[in-house]
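To keep things simple, chains are lettered A, B and C as they appear, and every chain counts its residues starting from 1.
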Amino acid sequence: MEASKQVNLAIYRTTIRIGASRFRQVSWYFVNILFFKNPLVVLSSAKRALLRLFGAKVGAGVVIKPSVNIKFPWKLRIGDHSWIGEGVWIDNLSDVVIGNHVALSQGCLLLTGSHDHRKETFDFLTAPITLEDGVWICARATVLGGTTCRSHSILTANSVSGGDLDPYTIYKGNPATAIKTRTIL
Amino acid sequence: MEASKQVNLAIYRTTIRIGASRFRQVSWYFVNILFFKNPLVVLSSAKRALLRLFGAKVGAGVVIKPSVNIKFPWKLRIGDHSWIGEGVWIDNLSDVVIGNHVALSQGCLLLTGSHDHRKETFDFLTAPITLEDGVWICARATVLGGTTCRSHSILTANSVSGGDLDPYTIYKGNPATAIKTRTIL
Amino acid sequence: MEASKQVNLAIYRTTIRIGASRFRQVSWYFVNILFFKNPLVVLSSAKRALLRLFGAKVGAGVVIKPSVNIKFPWKLRIGDHSWIGEGVWIDNLSDVVIGNHVALSQGCLLLTGSHDHRKETFDFLTAPITLEDGVWICARATVLGGTTCRSHSILTANSVSGGDLDPYTIYKGNPATAIKTRTIL
């Protein structure tokens, strides 16, 4: 067996496509810290307006709790009446598309970025996340890039998505596997 | 098969019973941010006094580290010589009863709230949590509402309770299962 | 069966060996809050200089993102071109030795401290962590004290180490088990 190759982070070059002017990016950085990551309550209506100002598409009645961290609002789309819970981290280096009536509970993480661990250069990878209508991402769960959570699927507390979630199905574990059907009476 | 029903968060009405006056609730909100969530060290004796002032029952010698988040102190009971570690989140919309000599390690979460995913209205659900004497909830573990952790049970790091924990038993995973007996020599 | 023994945290005495003067410890406490835990960007070169000032060995090109929490810099060694991601918590009560080209992703936790749950006195335990060259600890993963992650091993998102990680091997779950070989092309 030949000697194993090694990664070399010294030659790593980020290939994140920011998708916004430097001015917008830096402005958002401060707005995010002041009004979103802040533990103080800020009216959801004000936060919706700020997100739209920075290029997000945000529907009616979206609720955004304190201590939320959003990377790039211009890569964020949220439908009507969805909820972003306390301490949620939307690390959207790629597009994150959230449907209507979606609930993101406390401390959950939408993680679009990754790296190619098979490359010496540890290339940056990123893939979008789609949460269809009625999805519930429970407290501290993690959705990985490239995942589609189909209509009304549920990822239970502290679970990690391990592929797409089928509609009306409840997933648990790391990687999360289907444990039950969701029936709405 | 008939068309599946959908949740409608637009008609959601919170049914949380706050259990305190508006004045007390708002005052605690600021006290929690200033003296509990704050990463700066505040004397445990001062924190115990503040918790009691807001209606918590707190025993002797309780240690409370920085960056702790407590929802409603008037729904919190802690016995003697228990520890609340750095970054612990007690999200007690229902009663949380913590016995004597209980250790809550860094970043663990006591999560009393949930939702009825079988209802179109996504009804708010909540249930109390009881941690009996000598229990240890390890770093970043999550205890779900309705759980009783019996005397001297242990929930290991980053695990999620999946029902009550038997006394003197060690649990691991998501959902956590019994992996060992705890014997104190 | 005789009555089970109980823990008694009232007689607990911490045995952490701080390894620095009281002055250095208190100074670091504030520097950590102001320049490391702070969500504002601080130049990595400034953070490297601060870490070295407080006794850490930090190699060339080490990148340190915002909201990082480091316990004792004098017990930290980092090689060249390694990355400390946003929200990483290095709770190094014992030595943490990080090699070259190591990536610690968002929110991961290096947890050196523990307790002896078989003792009435709940004795403090701690053990060092070693991350060899090319290791990747993914987002929100937890490495427990006493763990060596061998060259180019990977601990996937939200997983918890359950013993040493073999070189060029990918681990997942709680406890994490080997799921794949890492081959660098």
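Everything below uses one rule, namely that a contact is a pair of C-beta atoms (placed from the backbone, for glycine too) under 8 Å apart; a residue touches a chain by one contact, two chains touch by 3 or more.
Quantities reported herein were computed from a predicted structural model and do not represent experimental measurements.
> Give a one-word verdict, same or different, on whether subunit A and subunit B use largely identical residue numbers at their interface, taking over half shared as same.
Copies use mostly different positions to touch.
> In steps of 5 degrees, what rotation angle do you get fitting subunit A onto subunit C on the CA atoms?
That pair's rotation angle lands at 120 degrees.
> Report the inter-centroid distance (CA atoms only) between subunit A and subunit B in whole Å.
Here the centre of subunit B sits 25 Å away from the centre of subunit A.
> Can you list the residues of subunit C that touch 2 or more other chains?
158, 174
> Please name which positions on subunit A make contact with subunit B in the complex.
39-41, 61, 80-83, 101, 103, 106-107, 133-134, 136, 139-140, 151-152, 154, 156-159, 167-168, 170, 172-174, 182-185
> Under the touch definition given earlier, write down the residues of subunit C that touch subunit B in their complex.
Listed in rising order, the residues are 4-10, 29, 33, 37, 89, 91, 109, 111, 115, 117-120, 122, 142, 144, 158, 160, 174-175.
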